[in-house]
Amino acid sequence: MYELGVVYRNIRRADSDLALKLGAFGSATVHEALGRVGLFKPYLRPIYPGAQVSGSAVTVLLQPGDNWMLHVAAEEIRDGDIVVAAVTADCTDGYFGDLLATSFKARGARAFVIDAGVRDVKTVTGMRFPVWSRAISCKGTVKATLGSVNIPVVCAGAYVTPGDVIVADDDGLVCVPRAMAAATLEAAGKRAANESEKRAKLASGVLGLDMYKMREPLAAAGLRYIE
Amino acid sequence: MYELGVVYRNIRRADSDLALKLGAFGSATVHEALGRVGLFKPYLRPIYPGAQVSGSAVTVLLQPGDNWMLHVAAEEIRDGDIVVAAVTADCTDGYFGDLLATSFKARGARAFVIDAGVRDVKTVTGMRFPVWSRAISCKGTVKATLGSVNIPVVCAGAYVTPGDVIVADDDGLVCVPRAMAAATLEAAGKRAANESEKRAKLASGVLGLDMYKMREPLAAAGLRYIE
Amino acid sequence: MYELGVVYRNIRRADSDLALKLGAFGSATVHEALGRVGLFKPYLRPIYPGAQVSGSAVTVLLQPGDNWMLHVAAEEIRDGDIVVAAVTADCTDGYFGDLLATSFKARGARAFVIDAGVRDVKTVTGMRFPVWSRAISCKGTVKATLGSVNIPVVCAGAYVTPGDVIVADDDGLVCVPRAMAAATLEAAGKRAANESEKRAKLASGVLGLDMYKMREPLAAAGLRYIE
Amino acid sequence: MYELGVVYRNIRRADSDLALKLGAFGSATVHEALGRVGLFKPYLRPIYPGAQVSGSAVTVLLQPGDNWMLHVAAEEIRDGDIVVAAVTADCTDGYFGDLLATSFKARGARAFVIDAGVRDVKTVTGMRFPVWSRAISCKGTVKATLGSVNIPVVCAGAYVTPGDVIVADDDGLVCVPRAMAAATLEAAGKRAANESEKRAKLASGVLGLDMYKMREPLAAAGLRYIE
Amino acid sequence: MYELGVVYRNIRRADSDLALKLGAFGSATVHEALGRVGLFKPYLRPIYPGAQVSGSAVTVLLQPGDNWMLHVAAEEIRDGDIVVAAVTADCTDGYFGDLLATSFKARGARAFVIDAGVRDVKTVTGMRFPVWSRAISCKGTVKATLGSVNIPVVCAGAYVTPGDVIVADDDGLVCVPRAMAAATLEAAGKRAANESEKRAKLASGVLGLDMYKMREPLAAAGLRYIE
Amino acid sequence: MYELGVVYRNIRRADSDLALKLGAFGSATVHEALGRVGLFKPYLRPIYPGAQVSGSAVTVLLQPGDNWMLHVAAEEIRDGDIVVAAVTADCTDGYFGDLLATSFKARGARAFVIDAGVRDVKTVTGMRFPVWSRAISCKGTVKATLGSVNIPVVCAGAYVTPGDVIVADDDGLVCVPRAMAAATLEAAGKRAANESEKRAKLASGVLGLDMYKMREPLAAAGLRYIE
């Protein structure tokens, strides 16, 4: 449930080093490491391919067609933050363009995530400021109604508390609760450990069936081969 | 309401210079300048990023799965036109490919917009002929039923009269009525005037809160900061 | 109707040469040549632009959120195959990533097609391994329930029998039944024969109305020109 | 293109008798009679089954999440009108509930059509006041921003001019331009003339193939029967 | 892959008694009994609640916006059939109305299923002729292009061979291959056997946890209760 | 963020009397009274019209295609609860049918809400057990993977903590945080106080323009009447 018209200034951020290291594993590995939860719905897409970032969430709750609170949020950004914006109703308007991108970047933001639309994508792409959104729209917004900054929000189906770690790349986004960042990083490390070895084996033609020892459980499950 | 089976040959086009200058501002600025109307729904997307064009609309009404009238429309194209095609029912078929793109380009068209699908997108992208569509599909169309050329149409929710100015880029599309092109251009110019100055301020870390003098209205609206 | 828990090992593949030659025409021409059937729904999109491939289908039926059978399918791949995966329910999870891509490629697969989601798209794009999917999602899958390999499947609305020819490019995908590959190739050749000549004419400003002799049938259909 | 902040008071309504008679034919017959145009997209659905109405359109343009102009529109309603509301952006909020239904009914409105959401559907259903909408939502709206009344609007893909005839029933909605109401009524009458005779024949087991004399054109088109 | 322009007249129908008995179990039980396959996507919905039917499939392949082949199909209907119609492209037009319903019913059809739209739903509901469709639309169709009757089709994601058993009710639809009808009926009978006993136990407050003996496997899977 | 494999047994429920009284106001009034937050997305729809209920939330987190935790949840139900189920991925399978409805009802549940599909809707409707869901599907689920009971969940975009008050009717659903139930009830009472008086005025033909004194603010906003 949302509290409207408030800005929480002193949020506890995730450890900056943990946040960075989680990002290096990418969203897919982190999602597994976290126990397959914390997913943003896959309709959020990056405005350009190739970005891979992570950081502490500064959250924003917006009203439909109104981006006033993004300006309020700018002041709350610290180095390494990712701004995560939810809207109280489905909306595809372009809440965020090159001026806000310039401001967010200057304040130290690493990325912007919004469950709505953005615009000026050519310019923002040229700035290499990473953005994930549900739509791209030239339709702008007004500045008339209060929302909130740094309250827990639901963004694209993910529940995000300020200070949680956001991991984002071409595959999508995951929210890692601050308290679980260290354990998740360890689990991610274990998952990734033998990946290059596995990749080499598979590249040489070894089958996953043998490498993962799947033949027995498949047979036990009743798989029949018909020659 | 649509009149079927007719081609209006002598449409009044927007002033060519006005149309070009509107395009330079981009769809987002023009949409604001026009009073936040004239929007095409954001499900129309460019087939490749980076194109930014504007021109006078030549309109086409098509039947589902039938692109006959695009060939009729080709003859009506003048230098600097943008062909805008609507369909009488929802359809994702590929109405337009490299041959029509070649023909439209040869006739002087600057771009093609369709509330349906297109194909040959690799070749058309290679030609750098800009296209906005709701789908990409290899499924072609037949040539069997009449529609119309240069009647008013509803395309992706926008009402377009022949000769209106279409402004299109990565952010989407806007239709500026011919009679409002001059006033819109003036308003767009005013909006864009101080943008580079603002961008420089924001890049230096100045907050929009201060630059736009938002602190007072936010407080008046009841915003509370919680330290 | 699907048979579960079986792997057919000895499928009859389309002639390799026919399959390759069909691919050179692209999905749009092949779809026409085949009589405008065999279409995959256009919500399947490539993970990167520019790929154009063809090959014999190895089919897979998957359970929701479970990619076990992709590992089983890997063993059935022969040089020049395209793996086509259907799921028994709508699902956007990321069934396929860089390890499976490495394995499929090593086994000789030319591409992967799935009516669900994939992940590791940045790495797979870097490998230039072509993939068509309905979604991109960092959410992985489990390996717990049997599906089948090389049974007929419905993938994105297309009915695919193992050994059919799949033709895929930026415009979408078409399935050519093995028995119709030769006839379709011939028809495609005829369709494509005069394309470059036509393109040259259109590029010189000749109208399709004249080149295709459409003026008479348009008049017969009742088209009226209003000067 | 929309003009904002205006109310046109003296619109020309369709002839009341023509409007009523068109409604008796139902949307399907009227759509055919009109030449298969004027369709509202089928995502508009009635809030309860069985209503069949027609009347002159009073149009309203609304802002997202704002129903202020519906109160303005109430004053413009005359006996036999149908209020048709468009919104400048996609929105599912509940713009209309039992109080507005009470007011509209008291002013003589026959129905309400909106390309957005409505609420209080149980009460409004109990009042037997017919409503077609794209959504049902308990989320209400504010009264803050101007739209317009009685300007031409695009509602669910249909272009509606004030005074046009709206025909609505369980099958959907059609807009008949005022100037075409008489001709459409005549065409509808002809279409419907032999329907009961046809129905009786079909009910007795006569095939449409024979009744409509389709066997010859089917054979000419190449239909093959395989015993 | 679809064969166009053919009508297969001598299809092998499922045993009439088997088909009827399968219907009595309903779609949910039959879907389980069949091994959880054969599902039509749940976007197909009945035009009125409460119908529960089953019968042998007569299949039809239609062209977009063209219902010609439904008239051809009418002649192929035998007592107890259910007509199942697919379209070669996504389409919401109203292919089927009260005249076809009258004809189909007179020929002995038990129901109509279409992966597109229907109309005259008030009248067809009044006739109590059951119809499942993806849309309701007053937009009619033409009769111009050949499809086929009684070839295998993909309808709403289900692969249907003529003569298969269709089971349909408020929960959706399942296709049971003719050859599996007897085995499925037996399996359905076993599933349904103890349902009323189970229902009585649950109604008396017995928990499924105990009735199904789930406590042990839940504990084994690691479920923790926190008082 | 979700904790998996746990059941919280001692949740604090909303005051039973408060919960009941909130329900009497209906979702639209409660949504306003709460400050226009707490909304479930309107794609959740009741399986039959006319139900209006409220109660304390027992929450369930489910895995895709797996309803095991609904059986675990049954034991946690107390008189007057409403079970609210979220799924970790988008899914339309039928998680809930007549047996679970019988069990939930016997345990005292007032309703069931799920961001996925349900089945046996005819039987459950006959029982008059209210259900809101995003889909109806005969496809059942397995019982294989743990989720959780009585953890906070995101259901159809609403953040629900166990013990919150759910208000549900034909217009949709709202979640009132337990701590705000009393204040919301008071605000709802005030909103509803003069409704019948207002309705009577409007029914007599008084305009909302006058009753709400809107003429002045409309003029101040610039509304122009054109005679």
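A, B, C, D, E and F are the chain letters, set down in written order, and residue numbers restart from 1 in every chain.
In this section, a residue touches a chain if its C-beta (ideal position, glycine included) is under 8 Å from a C-beta of that chain, and two chains touch if they have at least 3 such contacts.
Bear in mind that the values here come from a model prediction, so they are computed numbers and not experimental data.
Q: Spelling it out: a chain qualifies if it touches subunit B and also touches subunit C; which chains qualify?
A: A, E
Q: How much rotation, in degrees rounded to the nearest 5, is required to superimpose subunit E onto subunit F on the basis of Cα coordinates?
A: A turn of 120 degrees brings the C-alpha atoms of subunit E onto subunit F.
Q: With centres defined as the mean C-alpha position, give me the subunit A-subunit B separation in Å.
A: Computed value for the inter-centroid distance: 31 Å.
Q: Just the number, please: Cα centre separation of subunit B and subunit F in whole Å.
A: 41
Q: Where the centres are mean C-alpha positions, what is the separation of subunit B from subunit E, in Å?
A: Chain centres of subunit B and subunit E, defined by C-alpha means, are spaced 43 Å apart.
Q: Going by the contact rule already set, what residues in subunit B reach two or more other chains?
A: As it turns out, subunit B has residues touching two or more other chains at 36, 39, 89-90, 92, 139.
Q: Got a list of which chains touch which?
A: Listed in label order, the chain pairs in contact are A-B, A-C, A-D, A-F, B-C, B-D, B-E, C-E, C-F, D-E, D-F, E-F.
Q: Quick one: which bits of subunit B touch subunit D in the complex? Just the residue numbers, please.
A: Per the touch definition, subunit B meets subunit D at residues 1-2, 4, 34-39, 41, 88-90, 152, 154, 157-159, 161, 164, 175-177, 180.
Q: Which of the residues in subunit E end up touching subunit B in this complex?
A: Result: residues 64-65, 89-93, 139, 144 of subunit E touch subunit B.
Q: Which of the residues in subunit C end up touching subunit B in this complex?
A: 26-28, 30-32, 36, 39, 42, 45, 49-50, 52, 169-174, 195, 198-199, 202-205, 207-209, 212, 214, 218, 221-227
Q: Enumerate the contact residues on subunit D facing subunit F in the complex.
A: Per the stated touch rule, the residues are 5-10, 68, 71-72, 74-75, 92, 94, 97-100, 102-103, 105-107, 117, 119-122, 125, 135-140, 143, 145-146.
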